[in-house]
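The two complexes that follow have chain A in common; it is paired with chain B in the first and with chain C in the second.
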Partner chain A sequence: MEKLRRTMLYVPGNNPAMIKDIYIYQPDSIMFDLEDSISLAEKDSARFLVSEALTNVDYLGIETVVRVNGLDTEFGLADLECIVKAQPDVIRLPKTETSEDISEMEAIIARIELENNIPVGKTKMFAAIESAKGVLNAYSIATSSKRLVGIALGAEDYVTNLRTNRSPEGIELLFARGQILNAARAANISAIDTIYSDIENEEGFRREVEHIKQLGFDGKSIINPRQIDIVHEIYAPKPKEIEYALQVIAAIQQAEKENSGVISLNGKMIDKPIVERAERVLQLAGINDMEQSDGR
Partner chain B sequence: MKLNKRAIAGTMTSSDVMIEVIPWGKTSEINIKSDVEKQYGDQILDLINSILRENDVDNVCINVVDKGALDFTISARLKTALFRAAK
Partner chain C sequence: MEDRYDINELLKEKGTFTGIDKSKRKKNKVRSLKYVIDALDIKDGMTISFHHHFRNGDLLADMVLELLDKKGTKNITIFPSSLTTAHDHFGQYIQSGLISRICTSGIRDRLGEDISSGMLDTPVIIRSHGGRARAIESGEEKIDVAFIAVAHSDVNGNANGFEGVSPCGSLGYSMVDMKHADKVVVVSDLITEEITIPFSVPSYNVDYVVKVEKIGIKEKIMSGATRLTTNPKELLIAKRTADIIEALEIIKENFTFQTGTGGSSLAVTRFMRDKMIEKKIVADFALGGITGHIVRLHEEGLVRKLLDVQCFDLDAVFSLKNNIRHFEIDASFYANPENPGCVVNKLDVVVLSALEIDRNFDVNVMTGSDGILRGASGGHCDTAAGSKICIVTSPLVRGRIATVKDKVLNIVTPGSTVDILVTDHGTAVNPLRKDIMALLKEKKIPIVSIDTLVEMAEKIVKKPNPIVYGDKVVGVIEYRDGSIIDLVKQVI
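Here is the complex of A and B:
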């Protein structure tokens, strides 16, 4: 079963106060940013700060992700050289457009792992898709590497590329969201939605989270700890859903015990999709810790 | 590591530290200003000395203005300042 990634919280990589305290808010993933939130003059200091934090701060098992600069900039390679050694769980590549972008970065990560006695393959990758070209290549990106645990939509650059802007309804993102979500599902990796930047508009944020949850996204990139509880609340299953999911799992266990091929609950047949949905409900409810098998 | 020029890293905001590194033609000197100097002055000094040793840096003046930074921040800011000074 995949790791829960309802909230992936951005933290500017050059802010010691936020970096030291961020785990208190309990997002599912912490994303240290070396890219857009860092000025050109401070790229080096953010890199050193995130590296030292990863080496010395106990993030209590919360997934650590570092958004590095692209390899087409003068900072990307230096970011990897410094950060991979500090062993974050995931490196997030911005502005991914082709599977070659992933392969190129993967080769460098593998080389650094080898040079530093880190098991090759330990560092996972995440790809942000932020252009029309990237959206059209979503499936080949999603299937480009075993290290890849998810893909995310970066909508700010994407809508600029489309020659439009973001609307409250998000109609301009329908195709990209559908494409990225289907690519992620076909590749069996996480799909994460874009940020919602109007921190003060809680109602608009709620609407957008409800929308992307209904579409099927695993979660959302977020920019403020205040957004965490809202996302987690919307993703939390209702008591009735939990109760039904527990009944489904109990029915399967009973059937297994009795070596019965056909499983039914309250007179209705239980098949694989129903079981998968039940497991997902229990995972979202925090009940199902038993099958975090490969941690993807 | 050979230092070529004066360099600064960090900020004066809370939980951060500003560190200035100056190549120095004589025995190293470390000056620390911190609100928590009484409790942590020796610990900060030890940390700075260990990073200077790790990086083989000698004959340097280090000026530290600490605003309550944790060790990982002090370490990162010093390494950044050294990196910039060595450019």
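Here is the complex of A and C:
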């Protein structure tokens, strides 16, 4: 089953106070940032700090993601050389526009893995799409590498590129969201929505999370731990949904026991999509103890 | 049978009525501060008291000490209910020989550093609010002159803390002093001919009334953070605390609580409010230092009574003036352990903070991680002992310093009275409280041992170098019953 990624929490890579115990907030993924939130003068210190943290702090099994600088900057390669060795679960590439962006970075990651006796392919990748070109190439990006576990929309740069700005309703993002979501689903990887930067506007944030959940996104990049509970609450299935999901799973188990080919519940046939939805509901409810795969 | 009543003796003894001259009646008690200080003849070995209801905005203690210092007075004991940054410069009165002894609840900042460095020969006596009331009522401490800063007094000394231009709210600590001090001086910047109603200080307890230009800075009574925190760590701790309070089934009709100031505590109040509304529960009373947040719960009908020994912000001051069930209580009623009816004993739950807490659940709220005096005993040990359930909230580490540690530097509140520790890294229950442990486990609230928390903290910040102490004892920490629970050593 695919890993839960309802919340991917940004933490600036140069903030030791936050980095040392960010796991207490229990997001689904922690994303250490070396890119936009770090000033030029702090790039080195952030890189070393994140590397040390990954090596020394126990993040209690929470997925660790590092957003590195692009390879078109002077920091991108240095970031990879330092960070891949520290073995985060995922490297996140910003401003991805083509599948070549992914291949280029993948080759470097593979080389560093090899040099450091890390099984090649262990480091997963995540791509942020932040431009019109990237959105149009979403499917080829999503299918560009076996390492890729998800793609995310970065809306701030994207709306600038579109010559518009973000509205509360998010009408300007409808196409990008739909495109990225469909690409992710076609490639069977995660789709993560963009950040919501007005931390004080809880109501607006709720509305946006409800919106992207309805669209089908797996979760959202978030910038403050205060946003975690809200996302998890909105993604939490209702008691009735859980009850039904449990009945579905019980019916399958019963059918398996009886070697029965046709499975029905309350007179209705249960087919594959219903089972998948039931499994997803139980996963979101935290009921399923099934082992999660290595990221995919 | 012998005649008991000898009328002639009685007349001789009592005197006969000779008429009355109304014009000779004393007009009022208003005098200047200088006159009062000269008239009271404050001298060597005497004890004068103050309250700290103006907190950082207190002006009176300095006015009095400055006059005494100018007169060349020496060797007095000051006995404030607490000391704040407003008293930062009192080291100069120690050096001049004016102050030779201090009894207080709190001591911090520069004065704390001065005392910790050994400036005062006699150790400071640290008492809780309940312990101070006990010491006064039992006669253990004798107050020669109590100076009481008030917001409004009439010319005879009927006074309160919540009217006028410089209000501070409840006068709870002084209400003990005024009953037991030899002489009582009420000082204010608003003195009227018209009688003060309602009054917290009745004129029959008052010897002098003094008018000054400004009695205190009301804006500075704010204590700690009075805005609701947005700090995610504090919110996390607060939410966990509120969940625990709910799991322990404390939130039921007519329950009682005290939550302090500071980020987490205020947020606990907010989360509790949500649960009270959801469950349609009304609390009987909230106790303690009262904040605007608690006032709002009262005004929303969620808390019937506010018992207020000290106002922590101006919203609370305003409420004390206007809400009839927002009731001013004195420190003895609040927490004197020799008063079996003291109201801390009626608390269902108290939420407290800590500078340090250790494996024994002993709590330090008095000295910093450097061993220097920078805190206040306050009502900490009083409410911990009195309440049915005492919850301490604290981050596991602050900056690079462990809060949860092997052994606290100084004990203010004994661990036997602390039931639960809630941190951002986990919750620990005192092994003495098997009932709480069982209930929380049943409700699936995650619990770790205090030892695990100590190890987690050590893993993050490692062990600090030991503090270099001198031999001199600079502070004696009394438990609320008057026994000595710890000594504070000089820091070199």
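Methods note: the second predicted complex is superposed on the first by the 292 of 296 C-alpha atoms of A that agree within 3 Å, B and C clash if a C-alpha of one lies under 4 Å from a C-alpha of the other, contacts with A are read in each partner's own complex, and residues count from 1 in each chain.
Rule of thumb we're sticking to: a residue touches a chain if its C-beta (ideal position, glycine included) is under 8 Å from a C-beta of that chain, and two chains touch if they have at least 3 such contacts.
All values derive from a computational prediction rather than experimental measurement.
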| item | value |
| --- | --- |
| First, second, both or neither for A:Lys20, with chain B first and chain C second | both |
| Chain B versus chain C as contact partner of A:Gly178, first or second or both or neither | neither |
| First, second, both or neither for A:Asn224, with chain B first and chain C second | second |
| Touching partner for A:Leu49 - first (chain B), second (chain C), both, neither | first |
| Partner chain in contact with A:Gly70 - chain B first, chain C second, else both or neither | neither |
| Common interface residues of chain A - those touching chain B in one complex and chain C in the other | 17, 20 |
| In the complex, chain C residues that touch chain A | 230, 232-233, 235-236, 239, 396-397, 399, 424-425, 460 |
| Contact set on chain A toward chain C in their complex | 17, 20-21, 24-25, 199-200, 224-226, 229 |
| Residues of chain A that touch chain B when the two form their complex | 16-17, 20, 44-45, 48-49, 51-53, 55-57 |
| Interface residues, chain B side, partner chain A - complex | 9-10, 13-16, 69-73, 75-77, 79-80, 83-84 |
